[in-house]
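Both of the next two complexes hold chain A, though its partner changes from chain B to chain C.
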Partner chain A sequence: MPVEGWLYFIVSFMIFASIIALELKDLLSSVVSVGVTGLALAVAFIFLQAPDLALVQFVYEIISVIILIMLLKATGERLEKEKEGRLSLSFKLLFLVLISIMVIPLFSVLPEFGKPLLDVSKKYLANGATETGSANLVTSVILDYRAYDTLGEATVIFVSILGAVTLLSKRKKHEGDSNG
Partner chain B sequence: MIQYFSIMLIAIGIYGLLSQKNLVKLIVSLNIMELGVNIFIISIGYVADGKVPILSPIVNKSSMNFVDPLPQALVLTAIVIGVGVTALALSLVLKVKESYGTIELDEIRGDNA
Partner chain C sequence: MAEKHSGMTLIVKTITRFTVWLILLYGIFLMIHGHLTPGGGFVGGLVVALSFIHMKLAFGKKGPVKGSGKTFLHALDSSGALLFLGIGVAAFFAGLPFLSNFLPKGKLFDLFSAGTIPILNFAIMLKVGAAIFLVFIALNLYEHGSKAGNSEDSKNEKREGE
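Up next is the complex of A and B:
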């Protein structure tokens, strides 16, 4: 079976799981559904010849499911409340079809699937091993040609951790004040 | 065509962001959008019958048919940043729950109008 067939199957499964994640009223099941979507993406990355990404996606999807479940435990929320005036099923389908039609012009610009432009990457593929000494060309891009991107990534992670720690530590102080 | 499927995944995420009222559901739809964008970018860099861009003694350099390593490197960054964004958003949700006692958006508005 060609790669594309498997990809259609996996991405259809991802679409199905994400619709379930949005439609379920139980928040825990919704979080688990989005975790399933992410793990299916890890499998899709293997079919798209990106094993580094598959490993990273696998690990980080599990981390994000764990922190989502920790949040549900901390807040004690389990069920989403029923609302009046929810959108009807026909409206939802109409919305999806509308957005899908709106992106059709995009595909006249994009290169065909399986035939990328490879303008920039030709140089990386030809000289990557000799210039950086890395057998894995993805690593040579991350840590040598585009090292500033990785530095920016580290900065973003640092800032988000700083923000989360600040928010969570204030909460503890506040609780201590109200108790004492 | 596989790119079209990933656009549908992004559309589902946008729809979730517009329609959901629960803060956890909003973060979930943000996650779905992120997954859709990631598979879209990677599928743009896929070469038909391409190989993993890792050199080894088995891979013959003359018949080199690697997939594009550049989108892979950038998406590697995007995945990690996505989890950072999720963690920050979740700590904000915890603060909202603490201050208002609810994680439903319309109830937050109703109490403090």
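Up next is the complex of A and C:
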């Protein structure tokens, strides 16, 4: 079985799991479904021969599922609240048909899977090991050729973590004030 | 009730003593060999943070990691970011552009090779590990604070009832 076949299988599995995560009423089961989606993405990265990304996705998915389950435990809500004004099933199906009518002709325009190999990547493959001295070419790209990108990514993580911790600490202090 | 709030059961604690240092060492291994094998600073930091989360989940408040340590984690997080920037600026003193690889490259497949890449990996590991564990600590403290208060109240009520 070629790689594309496995990818079709994994991607349809992910779509199925995410639809289940949306539709289930039990929030814990939804979180488990989201975790299944992410782990299937890690398997897809393995089939695409990207072990670095697969490792990151695998570990990150575990941490996010742990944090989501802890949040569920902290808030103590197990069931999703009923929302007013949700679209009915017939409307959803109508939108699905309309979107597929618009999207399906575009598939014929798409290039073949993995075919246009860029000139930049050819240069990296040829000179990467000698120019940077790193045996792992992915690391040589993200920390040498594209180090600015990694710097920006580190800044994004720094600021977002700072914001999250600030919000959480503020909430705790507020509760203490209301109690005391 | 008292056992429940100092972490999980005895089985989990015993297994954790065997596994947690393996996970920690694997995270450091992924970081050190980031330029040789699949891995790197980001996933190494995540695995290191995961080992601390593992310990925190198993032992709860009475674990080996005492107190919140938020200030220390903030310092680690910021020093990782500063180290990354510092290596970028240090390239100026070698007469090269910002963030260029100015150290000697060494032999391919050697542990000490690839110039600044292992140091950048170390900086990213500090940043990501401290940041992820910091978020976990922030959530965990909030949960423990509310729960401990409730449990103490319920204990007092029980004692009064008895």
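The definition used in the following text is that the second predicted complex is superposed on the first by the 161 of 180 C-alpha atoms of A that agree within 3 Å, B and C clash if a C-alpha of one lies under 4 Å from a C-alpha of the other, contacts with A are read in each partner's own complex, and residues count from 1 in each chain.
Here is the rule we go by: contacts are C-beta pairs under 8 Å (C-beta built on N, C-alpha and C of every residue); 3 or more make two chains touch, one makes a residue touch a chain.
Bear in mind the structure is a predicted one, so any value in this text is a computation, not a measurement.
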Combined model on chain A where chain B meets chain C, clash or fit: fit
Chain B versus chain C as contact partner of A:Ala164, first or second or both or neither: both
First, second, both or neither for A:Leu94, with chain B first and chain C second: neither
Which superposed partner A:Gly133 touches (first chain B, second chain C, both, neither): second
When both partners are placed on the shared chain, which of chain B and chain C touches more of chain A: B
First, second, both or neither for A:Asp52, with chain B first and chain C second: both
Touched partner set for A:Leu110, first chain B, second chain C, both or neither: first
Touching partner for A:Ile62 - first (chain B), second (chain C), both, neither: second
Gap in Å between nearest CA atoms once chain C and chain B share a frame through chain A: 7
Touching both chain C and chain B, counted on chain A across the two superposed complexes: 51-52, 56, 60, 63, 67, 71, 74, 129, 135-136, 138, 140, 142, 150, 157, 161, 164, 168, 171
Residues on chain B engaged by chain A in the complex (per definition of touch): 1-9, 11-16, 19-22, 24-25, 27-29, 31-32, 35, 38-39, 42-48, 50-56, 64, 66-70, 72-77, 79-88, 90-95, 97-98, 103-104, 106-107
Chain A-touching residues of chain C, taken from the complex the two chains share: 30, 34-40, 42-43, 46-47, 49-50, 53, 57, 70, 77-78, 80-81, 84-85, 88, 99, 101, 105-109, 113-117, 120-121, 124, 127-128, 131-132, 134-136, 138-143, 145-146
Interface residues, chain A side, partner chain C - complex: 51-52, 55-56, 59-60, 62-63, 66-67, 70-71, 73-74, 129-130, 132-136, 138-140, 142-144, 147-148, 150-151, 154-155, 157-158, 161, 164-165, 168-169, 171-172, 175
Complex contacts: residues of chain A adjacent to chain B: 4, 7-8, 11-12, 14-15, 18-19, 21-22, 27, 30-31, 34, 37-38, 41, 44-45, 48-53, 56-57, 60, 63-64, 67-68, 71-72, 74-75, 77, 80-81, 83, 86-87, 92, 95-96, 99-100, 103, 106-107, 110-111, 113-116, 118, 120-121, 124-125, 128-129, 135-138, 140-142, 146, 149-150, 152-153, 156-157, 160-161, 163-164, 167-168, 171, 174
